[in-house]
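Okay, so subunit A shows up in both of these, paired with subunit B first and subunit C after.
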Partner chain A sequence: MVFHLDKCIGCHTCSVACKNIWTDRKGAEYMWWNNVETKPGTGYPQKWEDQDIYQGGWLKDASGNLRLRGAGKAKGLLNIFHNPHLPTVDDYYEPFTYRYLNLIEAPPGDDQPTARPVSLITGEPMDVKMGPNWDDDLSGTPDYARKDPNLEHLSPAEQEAMFQLERMAFFYLPRICNHCLNPACVASCPSGAIYKRGEDGIVLINQKVCRAWRMCVTACPYKKSYYNWHTGKSEKCILCFPRMEAGYAPACMHSCVGRIRYIGVLLYDADRIHAAASADTKDLVNAQLDVIVNPFDEEVIASAKANGVPDSTIKAAQNSPAYKFIKEWGMALPLHPEFRTLPMLWYVPPLLPVMASVRPGDQSQKAKLNDMAKTWTDDWLYDTSTTELWGTVEQARFPLKYLASLFSAGDTHAVADKLKKLMAVRIYRRFKTVGDVTEERMKAALRETGLTQESAEGIFYLTALAKFNDRFVIPPAHREQAMEMLEFTGDVKGNTGFGFRERPERGL
Partner chain B sequence: MARALTETPMTMTKRLTGSRLVMAWAIAGLLSWSGLASAQADAGAQHFQKLCSACHSIGGGKRVGPDLKGVTERRSKEWLVKWIASSSSLVKQGDPDAVALFEEYGKLTMPDTALPPAELEALVAYLGGAQGSAAPERPRPPPSADDIDRGLALFQGSASFQKGGPACSACHHVSHDAIVGGGVLAKELTTAYERLGPSGLEGILKSPPFPVMARAFHGKELSAQEIDALTAYLQSLGGHAQYAQPRADGLKLLLGGSLGAGLLMALYAALWRRRKTEPVNQRIFARQTLGE
Partner chain C sequence: MNLFNLFLFVGLPYIALVTFLVGTIQRYRSKGFKVSSLSSQFLEGRSLFWGSVPFHFGILVVFCGHLTAFLIPRGVLLWNGDPLRLIILQVTAFSFGLSMLIGLSGLLVRRFTNARVRMVTTRMDLLLELLLFTQTALGLWMAFNYRWGSSWFAADLSPYLWSLLSLSPDISAVSELPLAIQLHIVNAFLIFTLFPFTRLVHLLVAPLHYLMRPYQRVIWNWDRRAIRHPNTPWSPTRPKNT
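== the complex of A and B ==
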């Protein structure tokens, strides 16, 4: 999966699509399997990135072994009846509705009737304290934006600079379950209810086996496993597997207005996962990239076939937009790789807001501009094309350190590399369509980032023009094979009708 | 498993093709014919020893079930075959003789046997011919305190059987202070000695007639000493044990319980001392809301 953050407009259509399909139920009102956060901000649940509070993810101990930070065998046994690091409901938000009927049915009185907010958990009137995106678009607030755990690595001066009024900016971070390669939730579950499906890598919680120990809620560093207080089971994003099995993209991806979401097959070498998850913090991203193998490599194809991967899946891996963004072009980074779960949702970091400089306009320069270039009427030039822009990647409105804390465990070079690639493609397209960039400059920009004109064209196509079938390359699910691994279908052959997997309540 | 079993005869037939197959069948037929008569009596005796002798004697008097001497004169052969195959279904059908027997012997169901009809006939034939003898009761020393202790240890599993059979308390319970929460899968054994007597107990323990018990002790037969010890223990319980009140510990239990609970709670409090009880934004909420 790849989310292209440069394209996200923060409309929350994905969240609403997901909510309407999956979590519009009693006990699930507070869950947002898909949510969109404003960054800088504290997110949902509050400060989920701060593992000193929530104790999620993996730690590498002194001897180099991986262990769960807040769960595991010994800790799990000690805390099994009372998991100490769980978020409270107020860390998410207490779900509420309004007593609209009171507006109509209130008895005659001196006061105007009001629709008081009532809790969806207790049914009692309540003070609304939070919502799922309470700090939406509120970049500068001291209560939320300035408490972003990622600011920890920035000096006070750098933080101050970020929140100066004229520099203030924000971007959106849509989040779903990362369907990690080394999922901490799976490792932490005392009941063995969570598993990663072999055929497509979707991480699922078996609702029949779940015993509500809630170790997964603690263990997931992304806080994407939620406890349903009504059913007494934990739930999480299922990547719309019923849709995927039918060849449709997950609802959040299908409904995405900005078309930021891509999904495709990535072949990986599971034997290397442990080594990759135990790599040094600075090597984590590259180690994870090494786990993903080249689907065009003859050796890889042969071993995939030997392991029973269907030809259609290998074909899909070759056409995968995810493979292109992640491996071929190297434009994407995982969210918080330092949690060591090897998340398989990769983000193209945001170049936005558009980097530009404002300076006194040069009329002679202005004459050379295409009509597309914006100019200020008062002779100030809002310039998005000058040669200095290349240098401004390092001085972006978001300090590289901030983005690096989100996407590359602090490695600013990795982030700068991705941003320069984004910039190089823009320079290339600017050369093609606007014409105010010289060919030498365009070629130099591509050369420095290791892109070619073809790959730049490919990136442009997949970023700006891609259709459904380009963005979502989903192979046939081959459910029949997965089923036959677990049961002998001959057992029910010859039975009347369709048969029943579970006894109906009446009849039979 | 099931598939593997059905495949075997198939492959055998394939191997024994043509004339060799015919010959094999012919030899098998000859063998079975010649040995039929004497084999029947032997098979009957074997089956009796294995399946019946735990509860029935021939001429040795009542044990768990009736003495079978001359049973073929009292009942018809067909009735006996049906009864041995499945006494419970005969009782269920309301056969008057069957119901009377069931009532007379304490509503104890005789286990069904899974013998093919020919084997059943052999067994009935054996019963008809067997003379039997009043088996002399083995002289039994009075239960010593040692035997009773050993029996208790074996019953509750603190000592294991020589051949590794499961402890009695896995499935059975008795009313005795020393046994806390014996199993409820099988019959309560407090009055077993009164009901079955020493020879009945010995028979059952030597070769269990109940399918589940037989399976559990298959290849793990109890030794004579073990049987004596268990019998002694069950005898020591006596019929009065079923009316006995549990030992009263009075204040000691209450104090011990509260102390234990207190200790556990202190332990939990220590373990959960650092648990998260407040939302991250508590200070913001306190400032921004009026408070409930």
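== the complex of A and C ==
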């Protein structure tokens, strides 16, 4: 899946769609398989990116071997009686509701009845200290934005500059399970309940095999495996596999208002995964790109067919918007590749909050503005014009180092490269539609970023005009296989229904 | 009295054994979803450490000690032939028993005082914790007062337990034992009887196979190559990738 962050408006429709379908249950109230974070911010659960606290993901040790940071065979089994790095519900938030009925049914009295918040765990009245999206849009605040773990790569001066009121900016980061190629949750599960589906790469937790050892919660560096305290099982995003098998998009993608999400088939060479995950930190993104193979390559097609990949899947891989954004145009980066799980959600970094620069303006310019124009009383000038081609990318309002810490393990060149491509497409379109950009400038911009007019047109189409079927290119599971992917019908012949035949309740 | 003893030391153990076997298998087959311990660490993590860790390591060692004395009584007696080794064994066992008791008290207090943990506590949890607590306290009491437990367990109790297993129960030794020890034995049978109805089942699914498997798991529901091959005959079981 690819997320085009320039288009995300932070409306949380995806989160709500997901919540209503999957996590509106007892024990799952606090879970947001899909959540949208404001960056800079601490996120959900608080400071999840700080692996000194949560000990998630993989580490490469001195001899070059990969090992799980906070779990694994030795650590996991030794810590099985008490997992020292398990987040508790307070790191997310204590789920709550309000006693609305009290408004109607309160006995007559001297005071106005109120709907007090009550905990969804204990049912007792509580003081709400945190909730879903508690730090939404709170960039710049000391409690949230300034505690963003990504800021530690920035010098204090850069941090200060970032949070000056005039320069302040933020963007949204939608997150679901990354369905990683080298998933730490799978590796950490002592029961072997978590697995990656060969057919479509979806990482799932078998609820009947899960025995509540809770290691996946620690191991997932993205904190996308959640422990259900009521059923005693871990749960996570299932990429709406029942919908996907039937040919429907996942609910988060289907409901996305900004149309920022693109899902397509990617063919990859599983034999290269281990090497890619063990690459040097600076090469991680490129190594991961090398795992993804070209679906037009005759050799790739032949070997896919030999391995029983259906033609519909190969065709979908050729039309995949994900392949275009990730490989063909090189516009997307994975989130925190340094966790070494090879996450398969890719993000087109946001250009808009980045590009505008703030510089000291002179008062003579301000005099030209009329009263209605909003200007600050000091000497700063907020500048969104782009007379230079790339100047503003480097002196961006949003330090590139910050974006690099999120998307490229600190490689600012990789981020600048994606931003310049976004800019080049804008210059190209401005040349086409407005016409105040000269052809030489447009061509220079494209040349420098390695784009052609055709690819710029393609990026523009997929970014701005794409229809649903351009953004969602996944073949439905073959009809004859769809049900068997869940369960073999022969096993349950003569029974009623599929799946659970007991309520997921405890008591034993 | 004799009849009562007969019930406690012959009837009860067989009831315990049958319930344990049938109940556990039945629970695993019909309520596979619930074969685990309902962890409450997510709701409360800090005080759990001081309860769960001493308790679990304690019970692991103590349980293995009992098992050894039951399985190889002669070996234990041989080991105890030297007084120094006997004392080492007894002191180790006693300290792990103590750690078990401390852990259990911590867990009990936590169950009663933490509002969130109370929400995931069932009556069976409390009953089990009380039984285990009694058992541990009795065990420590015996170890202190009736020395040396490892020797007389191997000499007197192992033959009794083996006589149960060989279906020729001999309770002459057990019925002469002091009351505390008899209580300890009966309580153990009770815990075994309750085993399939409690969270104890999680010890049967201890994830030791984790050590054997590779880290990553990929499951193909079907072996697509085999399915698409015209020579693959139809069969009611799917060709699977392993």
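Side notes on the structure shown:
Rule of thumb we're sticking to: the second predicted complex is superposed on the first by the 445 of 508 C-alpha atoms of A that agree within 3 Å, B and C clash if a C-alpha of one lies under 4 Å from a C-alpha of the other, contacts with A are read in each partner's own complex, and residues count from 1 in each chain.
Rule of thumb we're sticking to: a contact is a pair of C-beta atoms (placed from the backbone, for glycine too) under 8 Å apart; a residue touches a chain by one contact, two chains touch by 3 or more.
Just so you know, these numbers come straight off a predicted model, no measurement behind them.
Superposition of the two structures on subunit A leads subunit B and subunit C into a clash.
When the two structures are aligned on the shared chain, A:297 is found in touch with neither subunit B nor subunit C.
Contacts of A:213 after superposition on the shared chain: subunit C is touched, whereas subunit B is not. Shared-chain residue A:129: touches subunit B; no touch with subunit C.
In the overlay built on the shared chain, the residue A:73 is in contact with subunit C alone; subunit B does not reach it. Once chain A of one complex is fitted onto chain A of the other, the partner contacts of A:306 are limited to subunit C, with no touch recorded for subunit B.
In the superposition on chain A, A:46 contacts subunit B only, with no contact to subunit C.
Once the two complexes are laid over each other on the shared chain, residue contacts for A:182 go to subunit C alone; subunit B is not touched. When subunit B and subunit C are set side by side, the one touching more residues of subunit A is C. In the superposed model, A:84 makes contact with both subunit B and subunit C.
When both complexes are aligned on chain A by C-alpha atoms, subunit A residues 81-82, 84, 86-88 touch subunit B in the first and subunit C in the second. Of all residues in subunit B, those touching subunit A in their complex are 268, 271-272, 274-282, 284-285, 288-292.
Residues 68, 73, 76-77, 80-84, 86-89, 121-124, 182-183, 186-187, 189-192, 194-199, 207-208, 210-214, 217, 227, 229-233, 270, 306-310, 481, 484-485, 488, 490, 500, 502, 504, 506-508 of subunit A are the ones that touch subunit C when the two sit in their complex. Those residues of subunit C that touch subunit A in the complex are listed here as 27, 30-45, 48-49, 52-53, 55-57, 115-116, 118-120, 122, 124, 197-199, 201-202, 205, 207, 209-211, 213, 215-228, 236-238, 241.
Of all residues in subunit A, only 42, 45-47, 53, 78-79, 81-82, 84-88, 90-91, 126-127, 129-130, 143 touch subunit B in the complex they form.
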